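Look at the two complexes coming up: chain A is in both, with chain B in one and chain C in the other.
This part shows the complex of A and B:
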């Protein structure tokens, strides 16, 4: 059994030596999760806006539902879509199981509730006053929406980071829906699971380091922006 | 002024997304063959060694989904894959008989071995047969780690318990529900006995505090078969690809590659597509080295 420090040393060597397989896995992870979060962002934030802007029947229930979805385990989301996407499932004709598209669908389902709930919380804090100020000053609805979003941009950015953080590090749904296929659906978390089961700890650690560095960079950027205040143009 | 700081980030995010969708479009143009197989062929490194040659020759891109044999057959039954490569002759025969698969061919074999801690508390080394070995473990209630995942290894293990006349249950019998590699690690940590295919054992032997405590019984024979998913059940399945794959795997070239595959200088699998030793029950070579 290799020691942790030795495995970590090998991990850093692996990362720096430009190991193709390793970097392919990293690339797949980012491509899939970026695509998922980009697709989810606009509808999720519009949902969050609707929840904070209008008072309609069932609104409280919806908010409660989205908060509940926050705590659904990724494997349950994975299993649900696995059943739907399998050839025997309702959506079986799409032949999507074990593809990147299936992973993207699962990850959208995972990050959507986070974006809605955190987006809603952020919008609630300023929505009413910002909206009314904008409207009073003669802004159209779209312009007013833009002003509201500008007002709470840090909260929304934090929501995006939290959503991204959940899906890039998530193993259950990716494993079930993607199938952990080399060079296609093997992403960072499923590769770590596989390499650990094979006893190849250094590659697992290398990939773990990438996730850590990424989390640090994203948070650093967020704090940098917040620190500067990023004034409204 | 400050606008310029945030827009490059947004633009690059969009570019990344576009890149992702383009890359996927490109991927869907190459012919994909979906292979469900056992963790032993993947974890031992065999597929990684032989598949590039097949891909180069045939133009197919093989997507390997490595699961237990039970799950692999289920994936074939559901039409989620095109071809399966598994090791459980009885389950394979049932799979073909039920009409889920066609064109079953023998591919290769290796054998199972029983691993245990070096001090062998249950005295398995003195066993006269595999069933006797299992009986000794059960009698001593020494910790035994089972795959517990309906894989080929798990099916073989259950058969051995049956032959030993033992219903494994109790604190000493641990069902891991994980792949072979993981189960070997668990067994090593627990100083437990376990049943493994020789291929995975050889790939792990220098990482584990375990030893082979029993081997060589014909009951431990481990033949691998390849089966195409029945195109009558799923007309749009990649049957042409499955056929190409089966033909290559059982061809002189495919068989030679399997025979030439080494881990730490040792041969893991013995090709047997062209002999009748594929039939279960015949005596395997006990020494695979």
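This part shows the complex of A and C:
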């Protein structure tokens, strides 16, 4: 078994050499997870706003449910959608199992509760008078919503980062719904799992490094923005 | 109802659970008048103002805007358009004082035109030197003046002010009172809620009391002493806002 330092050296060489297979895996990973987070963001934030702004029957139950979904293992989400999308499942006719679309669906289900719960917390931190001031100054509902979201933008950005971090690094749902097919549904976490099981640590470490660099870059950007505040549009 | 009635709201009822705050309260406001609404803490002054601003839904209310009588559903939009509600502690959005004033401008306005209006409003409120300062760092008195400048820019006909000089020192209170007087002189209708009416007596055309959920004209056996001593004939207005 190669030493960790030797494996890391080989990983860096692999990354810098522009290995096609490796960069295809990275591309698939980002494409699937970015699509999932983009689709989930608007409905999740609207849900978070509704939960923080309106009082309606079942509101507390919904908050509790979304909080519970935070701790559901990715593999359970994968299993649930596997059953739904498999041939005998009620969504079997869609023929989506082992496609990138299935992976996106699974990742939406994983990041949606994070976006709702963290978005709800951020929006609750905004004073109610922010919404009321916007409305009383003549802003319509959408404009007022934009003004409130702008007030808590750093909290919401943190929610987006947390949601993205959860789905770009999850193995269970992607493995079950995507099937780990090379050049099609093999993403960073499933590739790491596969390469490790084969004893090929260098490619696993290279992909792990990509995840780490991405996490560091996103967090650095967030902290930079928080430090200086975003300019007023 | 007279021909220059700005707003008439009848049979307002509002309760929170079993606690009834307003019960068959009636209120009529004339264009350009200043009405002082007094009542103890918890009497329902804030609730009434928020209902009139369209921010809080009453259990029941009939609203007349001087032309038509509306149910609450129809009236809410009209109230939001007609009035500006000023919180006890004015909320300032992230950004500079100028940015905050820009939120009050009707959209869309030409950029240069906006800048000119904002500059006028800053000058009007005596906030010229703070134009670029972060609005969240303003003191209580400065916040209230910035909020009044926003209301002035918004061209709202009715200003609903909830304890507008609470926790202010003497000078901050006097400057706020000056601006309120200027707004009244420009024809804005003011409804001031305060549990400490002394500061506003020189400004008010009439006084109403909120007791046991109902609004009644207030008649003092011994009127409270006016504690505002600014010469109200001196207007802080330098230029009138034109569109």
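Here, the second predicted complex is superposed on the first by the 231 of 233 C-alpha atoms of A that agree within 3 Å, B and C clash if a C-alpha of one lies under 4 Å from a C-alpha of the other, contacts with A are read in each partner's own complex, and residues count from 1 in each chain.
Rule of thumb we're sticking to: contacts are C-beta pairs under 8 Å (C-beta built on N, C-alpha and C of every residue); 3 or more make two chains touch, one makes a residue touch a chain.
The model shown is predicted, which means the values in this text are computed figures rather than measured ones.
Of the two partner chains, chain B is the only one touched by A:35; chain C is not.
In the superposition on chain A, A:135 contacts chain C only, with no contact to chain B. When the two complexes are overlaid on their common chain A, residue A:58 makes contact with neither chain B nor chain C.
Of the two partner chains placed around the shared chain by superposition, chain C is the only one that A:127 touches, whereas chain B remains out of contact. Of the two partner chains placed around the shared chain by superposition, chain C is the only one that A:147 touches, whereas chain B remains out of contact.
Taken together, the chain A residues at the contact with chain C in this complex read 127, 129-130, 132-139, 147, 150-151, 229, 232. Residues 1-3, 5-6, 13-14, 16-17, 19-21, 23-24, 27, 34, 43, 48, 63-66, 78-81, 178-179, 181-182, 184-185, 203-204, 207, 234, 236 of chain B touch chain A in their complex.
Chain C makes touch with chain A in their complex at residues 53-55, 80-81, 83-85, 87, 89-91, 93-96, 99, 103-104, 106, 150, 154, 156. Taken in their complex, chain A has these residues touching chain B: 1, 30-32, 34-35, 38, 86-88, 92, 95, 97-98, 100-101, 179-182, 184-185, 196-199, 225, 228, 230-231, 233.
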